[in-house]
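As structure tokens, here come the structures.
Two complexes come next, and they have one chain in common, chain A, joined by chain B in the first and chain C in the second.
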Partner chain A sequence: MFTLDAVKVHFSTNPDFVLSRIHIGDEVISVTGLKSLINFPQSVHLLREPLLALEPFTVQKLVEMGQELPASSDRIIDEILNGMLIAVHDATDVCISIIPVPQSLSRSISNPLTENNVRGSSSAFNEDIDTNLGLLRKHVNSSELQINHYSCGSMTKNTVTLCFLNQSIDPNLLHSITQLLESGANSDLSTLKDLSKLFKFPLLTLVSSYLVSELPQTASRALKDGKVVIFIERLPFAIILPSLISDMFMTEDDLNHPMIYSVLLRSLRVIGALMTLMAPGLYVAIVSVNPDVLRFELAHTIAISRLDVPYPAIIEALLLLLILELIMEAIIRLPSSIGPTVTMVGGIVLGEAVVQAKLVSSLLIIVLAAVTIANATVVGFQNSYLIRLLKYLLLFLSALFGVTGLLAGIVIICAYLSSLTTLGVPYLQLKQPKGE
Partner chain B sequence: MTNSFNVTLAYIITHIGLIFFIYPTDVIESTSQSHWMPVVTAFIFHLVIVFTYLKGLSYFEGRNLVMIMTNRHPLLAWLTLLPVLLYLLDVIILMVRANAEIISIVCLANTPLWMLMLLMLLIPGYMVIRGNVKSLLRLALLISFLFALPCLFVISASFQNIDWRYVLPLIPRREAFNYLAHPSFYKSLFAFTGVFLLLGYFPSFAKVKMKSIFLGGLVLLPMYLISVYVPILTLGEETALQLQYPYIFAVDTLEIDWLMFDRVTVFLLMSLIAFGLLFIGFTIWQIMYTIKYSFKKWNSTLIVLIVLLIVYTVCLCIPDWQLVDQFLQWNTFLRIYISIVTPSIIFVLGLIHHSKVNRELNSI
Partner chain C sequence: MKPILVAAALSLLLLTGCWDNKDINHRALPIAMGIGYKNGDYTVYLDIPKVSASEKGIEVYSEHGKSINEAIDLISMNLESQVDLLHLKVIVVDKPFALHGLEEGIASIIRSRYIAPKTVFVICDQPLDRFFKRIDDSSNDGKSIYDFFQKDAGWSPQIAFTQVWKIFRSVHSYTNDVVLPIIKAGDTTILESTGSAIMKNGVMVGRLTNEQTLLYNVFNGDNLMGKIEVMNHATVQIVSNRLRCRGRFQQGKPILKSTLYLKVIIVDTTGNPSTEKIKTELKILVTDRFNEIFKIVRRDKADIFGLGQHFRDDFSRKELSQWREKYLPQLQIELDVKTVVRNTGNLKSP
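For the complex of A and B:
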């Protein structure tokens, strides 16, 4: 009883702490837990029924219902915070923790919110780590699937789960990941930034070292390809390590289409990415530095459309790009009831007024509209950020060196991508992370 | 281990980056008929030295040129590595200068040369400082994926205006062999000797298969022939002789109706410059690696920066194209030295090493 008193003192100010006693014949059992995490009446019922049915009461039977704990108040507090039901036999001070009926604090499995797929399964990961593991197990029904739990954090505890397929993973990669996770037992791990810090990913990188996905099928494909999948409690997605360039252009969904279409779709994404990167730069290069590259008739048309525009092409492009970026950012924040207004205003501003006011040329609007659409073709949200940012590099270099600058920018980007490695795995490969 | 496909690809595209600019000029200068003869002679020479070199290296199983040399007598090491180092430095200077010159001629007439040369140096420098040789090999793959298509397109389109009668006479007359005495022929060898040393640096990082290198060589032979014959067939030999960059000029005459672009030269040029940048990157890496592992173990970034500074200073000191041409002429001796002596030394050392290993195996 002594240990439970300490627990009671610890939780004395918490209104959701419950301590009640149940009587089985002459024996008294104290039951305690947090009612915000546990459905208390049901859980107590589940505990009492079998004990009543199995008269006479023995301590052994109680112990068999859960996991016996050492009689230390710290350990009991930890278990209570983890949402377990604690039962203490008063006479002997035997203490067990039982899996209770939980309060439902997670939403049910729903459609993915940030990733759409056409033909794959539509269930998405959510905040509950056990649900996520269940979904993954359903997709990868294999005895090779191994799941390791890590409890991270000193002040707040958080569960991190590492999943991999024994057969397909590269042992070196696995070794370095497990070692890093074990070393992080004392650091808080609740956001992706914490994870990057733990894995010592460079801070100023443009390409994230992990892929984030809501779709169990993507996670299961990653496992089969020899990557690892990490779940963090309360983050509604799987973190797939390491990310490769193919994540930008290939989805699991493609494989549900006939082969020709999946190949064409993928090439379309590559074209989309290249177009986003190059089109604004090409416009600036051709208009301001190398008009001779174009056919005379075309160059003439462009020159006429820019006749009244009072500033150089780079300023023109930057102005319009800024407005486009603002619209894209604003649409994410706005409630869906106001969203269409912004789209409409943006459409009018971009489509008509700017051209009529002779602030930008109509060709630039066509170019940038194409770019904005093409930007969305790459798979994964963070990947579209990458090309959205890199197009500015090409834009500035093109303004300086024309078509040569465009080339220089592309080579720089290629050099950057090919120098990237994540935990020893080069970014620039299509399939299995095999190390160098 | 990076696989041999990347190595072969790097071998092919770095060569392509070398071929199309100055090489046709030198070949057209070296003889007035049967231009295929100097090309094929030089190509066979190239195959022989590559064979000797790779055969020699293959005896050392997975060790590269620098590793082999650092264990030898210092004099031998100096005799091999110092000329290599000088030659590589020379190659970068020429490449940077020539690339900057041609960009300036074709598309950026108003941009000062020093800016273009800086661009031509900073990008390869960035490649080397950020990555290692494996990332350069990956870069070779990515660059060929992006630029091979426009490059091949323009090359195949360059046949548009040709007149096949200029091919004749194919059968050489007696005086056709005069090219062997012409200095321009030896100048033209630079397109064959620039890259092959690189293959000796790979064995410890990537698989180098002789078969795939020779297959890559087969891809290159038509490139050499096209670069020489397209200007001759388009413009005639006499006119082609007057031009500084005959192939680029020949491409400039193309007219493709359905394309919105007027000058497809720019696309060819951009692809070639991209390949050239990769070549410069590889060469800087070679210099850095040689210095780091045979002379002084400095920080690699420092070495690269010093190399860049030296090259840039020399490039700035070259006032006009005449001097570049002279430069090319002067380093003929160095070129012949590294293309004959270096592979031979490696081959002989390889044989000695091989027989020693065999003897040891037999004695056991």
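For the complex of A and C:
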């Protein structure tokens, strides 16, 4: 009883702490837990029924219903916080933790919110880590699938799960990941930033070292390709390590299409990425530095469309790009009931008024509209950030050096991407090689 | 290390000298340039399409100068936008300049790097001021002179097509000369072709008619898709042509054996000629015309067909320099024409 008293003192100010006693014959069992995490009446019922049916009461029977705990108050507090039901046999001080009927605190499995797919399965990961693991197990029905649990954090405890396929994983990669996760037992791990910090990913990188996906099929493909999948409690997605350039252009969904179409779709994404990168730069280069690369007719038409435009091409492009970025950012923040208004206002501003006011040329509108659309063809949200940012590098270099600058910018981007590695795996590798 | 990198990045931005880039709407983009020559004095005409949303048409500016570049510079100085010759498509020179020799003009064009070497070179049969006035008055979008020489627009196989670099090559090569188209303002059409000029080392030495220019183009392998040829008993359409040449020496004299392969379609016949007869007639017609041109070539000592190319490996460098003067007049050409009648139109031929 001493242990439970300490626990009671610890939770004394918490209104959701419950401590009740069950009488089974002459024996008294104290049952305790947090009612915000546990459906208490049902759990107690589940505990009492078999004990009543199995008279006479023995301590052995109680212990068989759960997992015996050492009689230390710290350990009991941890278990209570993890949402377990704690039962203590008053006479012998035997303490067990039982899996209770939980309060349902997670939404049910629903459609993915940030990733759409056409043909693949459309159930998405959600906040509950066990649901996520269940989804993953359904997709990878294999005895090779290994799932390791880590409990991280000193102040707040958070569960982190590492999943990999024994057969496909590169042992070196696995070794370095497990070592890093074990070393991080005392650091808080509840956001992706914490994870990056734990894995010592560079702070000032443009390319994220991990891929984040809501789709179980993407996670299962990653496992088969020899990557690891990490789940963090309450984060509704799988974190796939390491991220490679192929993640930008390939989805698991492609494989559900006929071969030719999947190849064409992937090339379309490459074209989209190149277009987003190059189109604004090319516009500025052609309009202000190298008009000679255009056909004469086109040059003449562009010259006419740019009449009375007061700013040089680079300012003009930056002005409109700024508005576009603002709209894209605003649409994410706004509730869906106001979103369409912004779209409409943006459409009016970008479509007609800005040309009529002679602030920008109509060709630039076309270029930037194409860029914005092409930007979305890339797979993965964080990958679209990358090309969204890199296009500005090409824009400035083009404004200074024209088409030569554009080319130099592409060389710089290639050099940068090829310099990246994640846990020893080069970013420009198309597929992670399977371990021996 | 860090400050050095920052300084390097800053100087990359500040020291480029690229802040004076001019936007496309602040550049005047001439489409054609006229160069007149009189007693060492150049007159330059620039044909610039109007950059304006409301009115179409062209503006023609002209200026005199001691050199071509000086005259262009004067126009640029007096114009509200900067003259940018990168889009120049056609250079028109007057006959006095062509007779005097284009060598210096071409050298300054190639040297300046502002004019593309692919610009088409044309000789004008009338004074340039009259010519440009006529174009100014009659053309509505200003591009007619450009379209006239565009292979995918108004160019036809009777018109020679020679770019600046070819003339430059002609000036400096022992075995290559060129022909330049000769045009003037037309009566009903805006432009009118009046044959072509034989240029020897950049100097005009003779002329070819439009018909002869056509065969010149055939010989040079230009595709004449759809060219119609009229003979005594039939009219045929040449749909494909190919030429093979082989040069050899016999008793110190160069002999060139050429075979011209033609594929034709019969379009018209009079009096039911047989296919064989049509072939023979075509052969005689083509051979006669070629021989006429070869006669001109030997007379003017201008190797417009680049015939010397087939003998280059037979000569030493010193002998090669005498090709035009010594060997070209001796050259014997054996031309054979082989014709395939691909089909006889929709009717059967006897």
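The working rule: the second predicted complex is superposed on the first by the 432 of 436 C-alpha atoms of A that agree within 3 Å, B and C clash if a C-alpha of one lies under 4 Å from a C-alpha of the other, contacts with A are read in each partner's own complex, and residues count from 1 in each chain.
In this section, a contact is a pair of C-beta atoms (placed from the backbone, for glycine too) under 8 Å apart; a residue touches a chain by one contact, two chains touch by 3 or more.
Note that this is a predicted model, so its numbers are computed, not measured.
K.L.:
In the overlay, answer first, second, both or neither for which of chain B and chain C A:241 touches.
P.N.:
Neither partner.
K.L.:
With both complexes superposed on chain A, which partner does A:401 reach: first (chain B), second (chain C), both or neither?
P.N.:
It touches chain B and chain C both.
K.L.:
For A:296 in the superposed arrangement: first (chain B), second (chain C), both or neither?
P.N.:
both
K.L.:
Quick check for you: in the superposed arrangement, does A:313 touch first (chain B), second (chain C), both or neither?
P.N.:
Only chain C; A:313 stays clear of chain B.
K.L.:
Touch test for A:414: chain B only (first), chain C only (second), both, or neither?
P.N.:
first
K.L.:
What is the contact status of A:304 with respect to chain B (first) and chain C (second): first, second, both, or neither?
P.N.:
second
K.L.:
Count the residues of chain A touched by chain B and by chain C, then name the partner with the higher count.
P.N.:
B
K.L.:
Per the contact definition in the header, classify A:37: touching chain B only (first), chain C only (second), both, or neither.
P.N.:
The answer is neither, since A:37 touches no partner chain.
K.L.:
Which of the two partners, first being chain B and second being chain C, lies in contact with A:288: first, second, both, or neither?
P.N.:
In the superposition, A:288 contacts chain C only.
K.L.:
Once the complexes are superposed, what residues of chain A are shared between the chain B interface and the chain C interface?
P.N.:
289, 292, 296, 299, 401-402
K.L.:
Okay, in this complex, where on chain A does chain C touch?
P.N.:
Listed in rising order, the residues of chain A that touch chain C are 286-289, 291-292, 296-297, 299-300, 302-304, 306-307, 309, 312-313, 399-402.
K.L.:
For the complex, give me every residue of chain B touching chain A.
P.N.:
1-2, 103, 107-108, 111, 115-116, 119, 123, 126-127, 130-131, 134-136, 138-139, 141-143, 146, 259-263, 266, 270, 273-274, 277-278, 281
K.L.:
Using the touch rule from the top, collect the residues of chain A that touch chain B in their complex.
P.N.:
Listed in rising order, the residues are 274, 289-290, 292-296, 298-299, 401-404, 406-408, 410-412, 414-419, 426, 428-429, 436.
K.L.:
Residues of chain C touching chain A in their complex?
P.N.:
Per the stated touch rule, the residues are 13, 16, 18, 21-25, 27, 29, 31, 49, 51-53, 84, 86-87, 89, 116, 143, 146.
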